[in-house]
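Look for chain A in each of the two complexes below; its partner is chain B in the first and chain C in the second.
Right after this comes the complex of A and B.
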């Protein structure tokens, strides 16, 4: 951040770096590709959402207006998926951010090779592919022979094996734990970097004022971490809205629909029932919700750049 | 916890310091225990891996699970090659297309630069599943379904906007003065980009490519929907698909396959870990 700020101001202060044909052309390939692989599908989604398009139905699709949208409002599974998405996303991101923050503060006064070694070890969960995270936790959650149940039983914390992924009430929290395991290192890494970017003078003058450890964290460090925390949280909210791999590989949205998020529900509708029209309507509604978050994210980003 | 600038030797055995190390020890255990469990299980026999009281260390360590991967009816070698090739091609394609765009967005102030930049970023935030159905139909009509090319097209939907924004932050960090000499000599922009800027941002390009690679590697929904022939499947999707059959109870084999799936990602991750922090803290990045 600090390194690019001067470059950005220089670029701004140079009026003759204005319109140049070469620069315009350079963006073109990206725009063309994006238009084909993203722009066109979005327009198509909106068109599909007002049709009764079913891939298995060979009669041509009919225009049915807002029917898909009205159907959606009385669809209990849609509402359940929406609720699951909110719990999964905000729960996982919130807890991961807190864990990452705690770890970053905890490790802050360690320097040198020892710090780098521990940091590398703490980061490893992030480098584990999502599908592997899912199967690894699925194995550890096994009702019979899973290591978690074995530990609970042998330590006397549980009298019978807990059916983690087979229980409608426990499955979602269980999937979230796996998600948090994989995501917390991201916050740790980012917040560690942000902490080390706090100017030394600020810390020093607070020390001269005899700020205690907690006062230092609360009044000095947290304000500096606010923006990085906000931006990385919004980023992770957006990517968790989209998370398919972990949930699908662990529970396929089940039992019942207890771990179905919107992604999983749309996927089931489109590729198990081939109801492309209805799935697209949900996609459009969802798109609008996500755009609200994207708007907040970009606002936060612009404030950060200033 | 003691204060940050204090010399570490000052209060080596204070209660706060002991609590700090206990907490760090706990964090290390939480992070590494599952990974240890995966590795340890991958060396167990099928019988031992599903025992009711699990063994901490494999009783009779065996590499049979790994050897078995190459020799089963399932083409695991092909899965591996498919994944590496499709992810690598995606990374290269995205970086090649994104570099000039990132350069232009960083250097130019043409009227639309802000709008273009932010709409590319907005694309990045789209829920992938929303474009899934139309993308499926698009590939179906283009006869690219069930092909590596189709997969690359799918991965590009999220890889390209990400690459543009991440790379832009690396170009931003290159002082514009460095290009001045070449500009005065009248070299066109694309030559300046290739001969002056690209060598300078090479670490950034590699980091971005690795990120795109990692994200493609993590993706499950595109291979699962676009690929219908088992031989053309990627590793993550193959894990999901075969679990209903071959690995139903063979957790040892499953964890061996999981280890093989993790290894390339782990290597890529640690190779770029250092410059990653800079790429990520530039704020604009969407990822991981």
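Right after this comes the complex of A and C.
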């Protein structure tokens, strides 16, 4: 009798599980909100991307099919902006992740009040608002009166002021330095937490096996850090892909188009030239690229759970 | 326990009735009052905020039936916000605009034509050419000139003297300017020899347009010779040479030179008449000292002609306004009343009124200063309209990006000019 009871429960549970609806009604309010806040703008952007829609022209927009998309392929500014976006995003994230990792490994075993203060200091740039970071670096980079040039000139390292933000070849790396300064603490924080989560038994057994510092980092710690590093990097790639404030405040995409990223180009097209149709076409391409990154991110999250 | 006795009830009823009556009177008053909205950047900027608020308060005191709600929007944002608001059907009643933004917003067709509101007396009192570029293709006036603020070529006499130059002989040609810039650079390395805006925005193109014309270049607009003309290349070559020699400081907005100029760290500066007010606000210099230190004249030229651009502000009324008469009253007050001219236009905004006489002899006499006279007699006659409109905004991005490439890059000037030409609206 007692053995029959759980079997009966299972028999009752199975059909209920089979009847489980694919859509839970409790999720509906969230879906409605998402449809309004996310779905509608996306659908409207796709619709705008196939129209010749200029905000200054109050007459109805014309349907032009894929013209905006074909125009995009022959637009050198679009390609330059895409290239700049890739360099800015992957360059900043890659270097920040390495810096964050190095700092986390260096600070890992350092305790005491002094090192706690240094740790807090290292995290400060992450707390500074992006626009403040941008203006801070903009003024430090100034060709005339900037502190960096003043130091370089007074120490004799440069004979003339370096045009950090006024040189087509230096501007993008200079903006990236500001971005890396602000982003590296994020990786430091995250990787420090991941390092402290490595089980002590693993570290102890590696020590018993006489693993050296590099061996310990390479064979023990880095494998544990792989997933947090991947997830945080993907998150930062998505965030940097959309970074507008720093670039706009520092260079407005210039000089020329040397620091113009997709977000800056779309802003100029939409809100300076009011070409919403063409700007939307770029927005759609941009969205598709972000969705690829988002897919990788979701996959990485699933891997982490397993 | 609280008890409702008759006396208390009577007292409460009397109080309620009185309150109701006062409320009704208040409501009736509010119904009689008209509220207009005024989108502007004057109240968004520290130097002009208190003055414009004072002028608005004075207007409200003089017109008890009108309330003005001032909406602060930054200069660089106002056109964008007004276009979006006009598009979505909720524009303000009145707005402050300038330069290409005025024509841009005018091109949407959402502005009220103003000819019908202007009296004969006011039309006769407007300065000649004050409405240039403010009429649409049908000849209707879509914006009223609030004030005039053209750009002039400012020169610091002290710096010129230290550089061994004659402080009373500002350069008249680009050749003379080059020699003066070299003298300043070698004698005072900490001084920026020439302040000019090289950012990538429509205002920067407006500001650089007269420099292009000084070389005879006309990249867009009627009779344009394009970006690949010999004149345009001469302008780009001169800009590059100036940057490489350290004469100009690329990437700065015009406003970023002003505090430096106020500190005596800019020798020559291409800026509007308002520079005087901004500099005096920053360094507290007296009028006498200012006139001793700074002079202003027309732009040096190289084969082309000396021109300038109108950086003054305009007032527009939106066709959607439900209180057009009140809106016009406010526009007229801001542009022509002695109160607004004395407390805002000629003081903190340091610009010229768009009318010939203010009707106030003392105020008219106060305009007789060396700076205002130089602008009125020497510089304003060189005002040249620019091909403002939606295409100018698109061209601005292309041209100024090309100028930046030429100034900061190393590719041949021909390539920079070709790049501009390729990006210009077809």
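Methods note: the second predicted complex is superposed on the first by the 272 of 306 C-alpha atoms of A that agree within 3 Å, B and C clash if a C-alpha of one lies under 4 Å from a C-alpha of the other, contacts with A are read in each partner's own complex, and residues count from 1 in each chain.
One rule holds in what follows: a residue touches a chain if its C-beta (ideal position, glycine included) is under 8 Å from a C-beta of that chain, and two chains touch if they have at least 3 such contacts.
Everything numeric here is computed off the predicted structure, so don't read it as measured data.
Asker: So, does A:290 touch the first partner chain B, the second partner chain C, both, or neither?
Answerer: A:290 sits against chain B, while chain C stays out of touch.
Asker: What's your read, chain B or chain C touching more residues of chain A?
Answerer: For chain A, the partner with the higher number of touched residues is B.
Asker: Touch check for A:165: first (chain B), second (chain C), both, or neither?
Answerer: After superposition on chain A, A:165 lies in contact with chain C alone.
Asker: Contact-wise, after the overlay, does A:190 reach chain B, chain C, both or neither (first, second, both, neither)?
Answerer: Only chain B is touched by A:190; chain C is not.
Asker: For A:271, is the partner it touches chain B (first), chain C (second), both, or none of the two (neither)?
Answerer: It touches chain B and chain C both.
Asker: Now for A:77: first (chain B), second (chain C), both, or neither, which partner does it touch?
Answerer: Once the two structures are laid over each other on A, A:77 reaches chain C alone.
Asker: Output check: A:207 vs chain B and chain C. Expected answer is one of first, second, both, neither. What do you get?
Answerer: So A:207 only meets chain B here.
Asker: Once chain A of both complexes is superposed, is A:86 in touch with chain B (first), chain C (second), both, or neither?
Answerer: neither
Asker: So, does A:144 touch the first partner chain B, the second partner chain C, both, or neither?
Answerer: Both partners, chain B and chain C.
Asker: Just chain B (first), just chain C (second), both, or neither: which does A:117 touch?
Answerer: After superposition on chain A, A:117 lies in contact with neither partner.
Asker: Which chain A residues contact chain B in one complex and chain C in the other?
Answerer: On chain A, the residues that contact chain B in one structure and chain C in the other are 144-145, 271.
Asker: Which chain A residues qualify as touching chain C in the complex?
Answerer: 54-56, 58, 76-77, 143-145, 160-161, 163, 165-169, 171, 251-258, 268, 271-275
Asker: Note which residues of chain A are touching chain B in the complex, please.
Answerer: 1, 3-4, 6-8, 10-12, 14, 17-20, 22-24, 26-27, 29-31, 33-34, 37-42, 44-45, 48, 103, 105-111, 118, 120-132, 135-137, 139-140, 142, 144-147, 150, 154, 181, 185-186, 189-190, 193-194, 197, 200, 203-204, 207, 213, 216, 227-228, 231, 235, 238-239, 241-242, 244-245, 248-249, 262-263, 266-267, 270-271, 276, 279-280, 283-284, 286-287, 290-291, 293-294, 297-298, 301, 304-305
Asker: In the complex formed with chain A, which residues of chain C make contact?
Answerer: My answer: residues 80, 83-84, 87, 104, 107-110, 192, 199-202, 243, 246, 249-251, 260, 390, 393-394, 396-397, 401-402, 404-405, 407-410, 419, 422-423.
Asker: Which stretch or stretches of chain B touch chain A in the complex?
Answerer: Result: residues 1-6, 8, 20, 23-24, 27-28, 30-32, 34-35, 37-38, 41, 49-54, 97-98, 100-101, 103-111, 116, 118, 120-123, 125-138, 153-154, 156-157, 160-161, 164, 169, 172-177, 188-190, 193, 214, 217-221, 224-225, 236-237, 239-240, 243, 251, 254-255, 258, 261-262, 265-266, 268-270, 273, 276-278, 280-288 of chain B touch chain A.
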